[in-house]
Amino acid sequence: MLKFPSGFIIGFSESGFQFEMGYPGFEDPNTDWWIWVHDQDNIMSGLVSGHLPENGPGYLALYKKDHDIAERLGADTLRIGIEWSRVFPRPTREIPVNIDKDEEGVIVSIDISEAAINQLREKADKNQVEKYKGLLKDWVSRGKKLIINLNHFTLPSWIHEPIQVRTRGVESAPSGWLSDETVVEFAKYAYYIVSELEEYADAWSTLNEPNAVATAGYLNTKSGFPPGIPSFEYTIRALRNQAIAHARAYDLIKQVTKKPVGIIYNFMWFEPLNPVNSEDVKAASTASYMYNYAFTDTLIHGESLLAASESLRRKLDWIGVNYYTRMVVAGEKKGPGWRYIPGYGFICTPGGVSKADRPCSEFGWEIYPEGLENILVELFNKYRIPLIVTENGIADSMDKHRSSYLITHLASTLKAVEKGVDVRGYLHWSLIDNYEWAMGFNMRFGLVKVDFDTKKRFLRPSALLFREISLRREIPEELFFM
Amino acid sequence: MLKFPSGFIIGFSESGFQFEMGYPGFEDPNTDWWIWVHDQDNIMSGLVSGHLPENGPGYLALYKKDHDIAERLGADTLRIGIEWSRVFPRPTREIPVNIDKDEEGVIVSIDISEAAINQLREKADKNQVEKYKGLLKDWVSRGKKLIINLNHFTLPSWIHEPIQVRTRGVESAPSGWLSDETVVEFAKYAYYIVSELEEYADAWSTLNEPNAVATAGYLNTKSGFPPGIPSFEYTIRALRNQAIAHARAYDLIKQVTKKPVGIIYNFMWFEPLNPVNSEDVKAASTASYMYNYAFTDTLIHGESLLAASESLRRKLDWIGVNYYTRMVVAGEKKGPGWRYIPGYGFICTPGGVSKADRPCSEFGWEIYPEGLENILVELFNKYRIPLIVTENGIADSMDKHRSSYLITHLASTLKAVEKGVDVRGYLHWSLIDNYEWAMGFNMRFGLVKVDFDTKKRFLRPSALLFREISLRREIPEELFFM
Amino acid sequence: MLKFPSGFIIGFSESGFQFEMGYPGFEDPNTDWWIWVHDQDNIMSGLVSGHLPENGPGYLALYKKDHDIAERLGADTLRIGIEWSRVFPRPTREIPVNIDKDEEGVIVSIDISEAAINQLREKADKNQVEKYKGLLKDWVSRGKKLIINLNHFTLPSWIHEPIQVRTRGVESAPSGWLSDETVVEFAKYAYYIVSELEEYADAWSTLNEPNAVATAGYLNTKSGFPPGIPSFEYTIRALRNQAIAHARAYDLIKQVTKKPVGIIYNFMWFEPLNPVNSEDVKAASTASYMYNYAFTDTLIHGESLLAASESLRRKLDWIGVNYYTRMVVAGEKKGPGWRYIPGYGFICTPGGVSKADRPCSEFGWEIYPEGLENILVELFNKYRIPLIVTENGIADSMDKHRSSYLITHLASTLKAVEKGVDVRGYLHWSLIDNYEWAMGFNMRFGLVKVDFDTKKRFLRPSALLFREISLRREIPEELFFM
Amino acid sequence: MLKFPSGFIIGFSESGFQFEMGYPGFEDPNTDWWIWVHDQDNIMSGLVSGHLPENGPGYLALYKKDHDIAERLGADTLRIGIEWSRVFPRPTREIPVNIDKDEEGVIVSIDISEAAINQLREKADKNQVEKYKGLLKDWVSRGKKLIINLNHFTLPSWIHEPIQVRTRGVESAPSGWLSDETVVEFAKYAYYIVSELEEYADAWSTLNEPNAVATAGYLNTKSGFPPGIPSFEYTIRALRNQAIAHARAYDLIKQVTKKPVGIIYNFMWFEPLNPVNSEDVKAASTASYMYNYAFTDTLIHGESLLAASESLRRKLDWIGVNYYTRMVVAGEKKGPGWRYIPGYGFICTPGGVSKADRPCSEFGWEIYPEGLENILVELFNKYRIPLIVTENGIADSMDKHRSSYLITHLASTLKAVEKGVDVRGYLHWSLIDNYEWAMGFNMRFGLVKVDFDTKKRFLRPSALLFREISLRREIPEELFFM
């Protein structure tokens, strides 16, 4: 039996782009991702699914209903995302701020004047802000907790236009996180939105999975993320700029609120193919540093391979851990020093079985709960700051594996707690089916199925299990059926 | 939304041999099946699993605990089985009864004198009868309903010794349902046990799946059922004798009780491979008559290819429907007029997908819920007597498909009700994992997992779904996640 | 490059029952196997395929054509089988011989008088003997070599009636190798046929795979061999009687000819699941003794677990090695001391891949050529007598793996030769598709495809490879494409 | 039995980039593809295999050996490719020619002066030209036939720099077939090389698979072809420019030689998913026009959706048909009017089975020989010009399917001949394993295996089949084993 510690939060994570749309009048066409998934060349080339986000679950219209379900299932906390593009559909770059850069090009400080704040307020789309307030109020008025994340993948199209980037080159089009400008504009947006929504949130996060944005956009281009230009240099630049953006947003947010400000990050657990082969062990360690720790080291120690600046130090009050599976790596003389081994972790046959004889999701992701416990322990031993599991779930339309996935990963979380790790909660990805980026509606992560034609919700059996666990605030022994 | 009709019963089915043993002192070594699964030649040849029933779930010791679980899951009814061999471990054949046979060899009546009844009472193992009473009392004292089935596959070894049958021939050893004697002894046993347990039962069944006993034992010998001798002649003889045994037991039971007496039967839904090919259509119809209806016609109309005798007519007050999947058949000039098509129904790859792209259980059985509705409608249109779904379930250790199996098959049942079919209830097979005959512990049918080493019980997620449905007495629309 | 040693023979193996029939007038209904595969109960129960041997390739009618093909493909040797039932369709038991038994029941000598020989000659079906002579003459007149095998699975139905054995018990019907009588009658037949055909053969074999006859008939009953009665005792008895039958036949044959007399035997290469686990290693050794060596030890050393008698010693001039794949075993406390591990050797998914990532035949047999070299080396080190690979081939209708199977197994044979093993030749199973016992025409072992409707022959590509190799009398390096 | 018609050519096709390199001193680093497959970002992102062409089969060094093998296998014809980048590693654009354009921008004529010709001759790398002459001479001096193709995918890097295109945009870097300039420079190269090598060739082709270049480079970007920028507009532009380039090259070549000048093109056979659904039928027809016929219509009729100009008419003396498999399409309102159905044709599981139960190659390409006959018939009925099957083969390292692939596709070709189609020959792809573009050495198309470490050649069994057929100049009935 694994009991929830006192104060342990339980609930769901959601983002903007993937959940909000679904009803006429709720579309947001002002993002890089909107352009990207509507681009006929992308659709014809198979880079994206051809499914469209405006046919999504419609959370922005149906939030009362979804909050009802979340409450029935015993959730006490939601993590939701605000869309920058809804708040500022037009450029904010003419609103002046004072910027300092060091000799390495790191923006070390941003000052916003009162006048600038007023300009931001005027520029913001009040209508959209009110919609968000309505949604947030509905949840917190139920006595529930809320974490607000400021950016989840999508960028306003005035700051990132991926099709132009592709045809004209990165230097001739708004290039998103490749550009310094994005750092500054994000800080303005962050400052403004925290000012507006401060009362609703229990904790803040600036960015969701900056490493996924960088690697899927600039390295693993088969994933179908914008702008799909393979470049190790761009990958690093995008990571670095997001780290700086976080630091500057952190500073500004802290002028408004004392609540904890953190980041939500994608962690993978790296394992050597052969644990007694020193090349493989080293490869796993290198890969883990690059993927998991270069970014967080930057914002904790102010120093990493991405950047070194006192201005980046101690900028995380908490870390949100998004965990799905592991990666198995072997040493490799060429390239970055490692290679991924297909048949494990993220690189398995959809609906098949991994080389370790474990079932794999419809996304082809191996079920590997040990990795979550391991990464929580490792992370806490490194940084000693509070952690929250902010995403964890499985693409499983028929709910074949979700119950065992849920139990074993929640158990991993609670076992980490038992070992002294300061994990404050577990937010499942996700309450309802949603728009899974380039895969569209092909990947179903919901405890609750959505019929995207009728917008009806249906409880998958794992939702009953979630309820049983969240209401009892433990995983009773009798539920370990695996 | 599919509501339970008023009075609709919901619960579980259990048998004796598969559930009772598991603790020292509870073994019953006096059956054909005990001999069969312990036979070293059978084990070495792979006909049986090598797993042993004395390592089973231990229901006869743990019934209070299992009844607690059943109650928590919302069950209002159990169907349990009494083991003939426990009640009469030694032969009863010397206890005289009066028998009439017609010229076709059908035993048309059996009279038991008061003296014979006393002898039966003396011969019966009181200790075992008391154990059963304890178990039954525990359930009915909770205000629950009970169906008692008198024979579930196993025969006392003094009436069927399958290894001797195999080595010496059927004429030189106790040959079970191939012998007239078994008809008479079964009637005695039935009369006696109903007299003893009358107060506990709400309804009675004589035999469970007489067609499975006949076909698995004498035709589909790869199934590993005793005595494993392929013979169409024996198949028919075993069926016929079971029909007569039922009729004679029916008559005697009715002298003791007014409660409904029926039979529990294995039904398959037969479909033509090509529905516009008349040969295939005819093949499906022939196969269905042979498998589904020859036996029941005997006991309803008193006439079938098995036998014709007024003494066999109107002997069913209700029919228990055990349904697992369909069979797809094609016309075939050779043999009985049809052949089964692999890749559908019972003949699929374990854990794979059928030719119709449907998932298959760990037993290799296709999930085909339509068949249950179809068979209920067809059966009721033919006979117009009450039906109960007495078995329905899936071998699925990791609970990948059980939830959708449960919902869709229960929905099929309720849709039949909506069409006017008199279905009185649904009993899932099964509450807990048990001993699956020749497959031993390899096939897991439980909503509740059993750890056979520790005898611990664990709820599979589908158990929560069962509870949700049985307590709400409906399948709410929101649970149709499939 | 692996060259054939001087005198190395290359060619094909054939049997009677599987090849001869196919044209009206060539049927032989007087065997246990004919009865067995025509039995409707066997067909309905799925024990046998329902295919019938009278629709076979028709070798007894088309032998000139098949010999033409064999010659074109470079074969210099055939091994063919004579059907006992063709020669003696009626019992020979009334023809008297003198028999001596020792106290263990071993028949230690059989004497045939001149009178008895004359009676045998009269009793024999001259017509059938002439047919065989025609076939043999056609081959040897091409300047080719011939090995004649006297018994290949089938027994005359007057000596084995498997359906009666099943229904009446082994003691009440002609029980084949379970009976002493079969030893005596086989010796008579052997003596007679060698007298008749002596001039054609270069070497003789008495029995083909006595171990397959015993284990498939009395242990692995799912294989569909007659009589399909699981019994370890019968398995041992059948093995022992075949060993004695060989010895007595050997003695009589040696009165007629000086040519080498041997036996053809099925060998498997046994490997421990975990080679550093001593239980597994011991299990592999025990299993190998039981399957591979108990029988041959009897006939070489006159002593084994089957029997001990000076009369059985030194009765093998050569051993024919039939090899298809390995078996992987683990230690097991219960039963005979080992268990077979599915996923290796003979227990793989048809057309799939083994747990060792090797392709498997349509029979589900892993391709494992190392085993052939190993068994040849082990066998020769044990007995130091000449060996011939008398069967080796693959069920592969589309010829996906046959070429690599052929090269690697022939290479294994030649590597054994390089190590000093006295292997005299390699006979592939088989030249043409034939009747694969209980599997009927479902398993295609031919280098040459047979269309069983038209009896046409088609060269599979591997036939061209066989020709290339047999004509060059080497496996040139350039053919190692695997 | 299918006989070769008189004069029917049989042999192999080869290209430059995929075959030439393998030995030090034979590298050609001056192509777009060299840059592309060496690019670290491409390798890290998994767009290309990481295998390198300089480790290829080494045909430019080993041609005598490979020609020996080709001759032994009965080939009478080779199609080889000349690398533009070897002949002109530096730009030729400063060598002046006279160009006429029409109002649509079509270059309708190119005139080369004597002076320009001399400049080309000086600019050309004589050393490389001599190497080619040596290779060609070796083949034709054996009395064999030769088809020379001028361009097979690769472009000199001075005319196409795909990494720069990707990072700077197509307008800011040498953009290959997106640029008019490429048309002009290709014409110069074509004129020059034909002048030099005229004596060796029996027929000429300008381009290989211009449609693959366009669609893989600009549409199906997951194929890993340069520059990997999805754009329907670019796809069309690349196609159009290649058509014009062919026409202008054709004119110039015809000033030098009277030998037939054609094009080698990739054809797919398109089938409607549901042949009685008119939307699907129309979709198949539209897709076929777009993929198969828009380009060839341009060069036969001078009019198509690509361009309309008298200057493009009647520019094909013959068409080379590269055929691998079909595509199954369904009607689709969105996009171009059709969608491809996975599970058929090019979109199957590698090494699996298609939805039509046909085996698929290691590339995931369904084996569908009917399509080749169909496309030959359709093409000839449309254009009435000579055809040659210039590529046809299968990625099949273990030679599981190559023999049946070869027979059935060659049979399709000969059946088309029987129907009156003017097919002049069949060139298999390929003699030896080679460098399969983005897949590197992962895909093995050779009748002859290459060990890329040692450069040794090994005959796969299908090579023996090829020899049997090519030497007999027929497919004898006895080889139809499928």
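By written order: A, B, C and D. Residues from 1 in each chain.
Heads up, the rule we're going with is that a residue touches a chain if its C-beta (ideal position, glycine included) is under 8 Å from a C-beta of that chain, and two chains touch if they have at least 3 such contacts.
Owing to the predicted nature of the structure, the values given are computational and were not obtained by experimental measurement.
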Any chain in contact with chain B as well as chain C: none
Farthest-lying chain, centroid of Cα atoms versus that of chain C: A
Centre distance in Å when chain C and chain D are each reduced to the mean of their C-alpha atoms: 53
Centre-to-centre distance between chain D and chain A (centres being mean Cα positions), rounded to whole Å: 45
Where chain A and chain C are represented by their mean Cα positions, the distance between them in whole Å: 66
Chain D residues counted as touching two or more neighbouring chains: none
Category of the chain touch graph - line, ring, star, complete, other: ring
Chain-chain contacts as defined at top: A-B, A-D, B-C, C-D
Residue ranges of chain D touching chain A (in the complex, touch as defined): 39-47, 50, 166-172, 219-222, 229-232, 334-336
Complex interface listing, chain C residues touching chain D: 359, 398-401, 403-404, 449, 457-462, 464-465, 468, 477-482
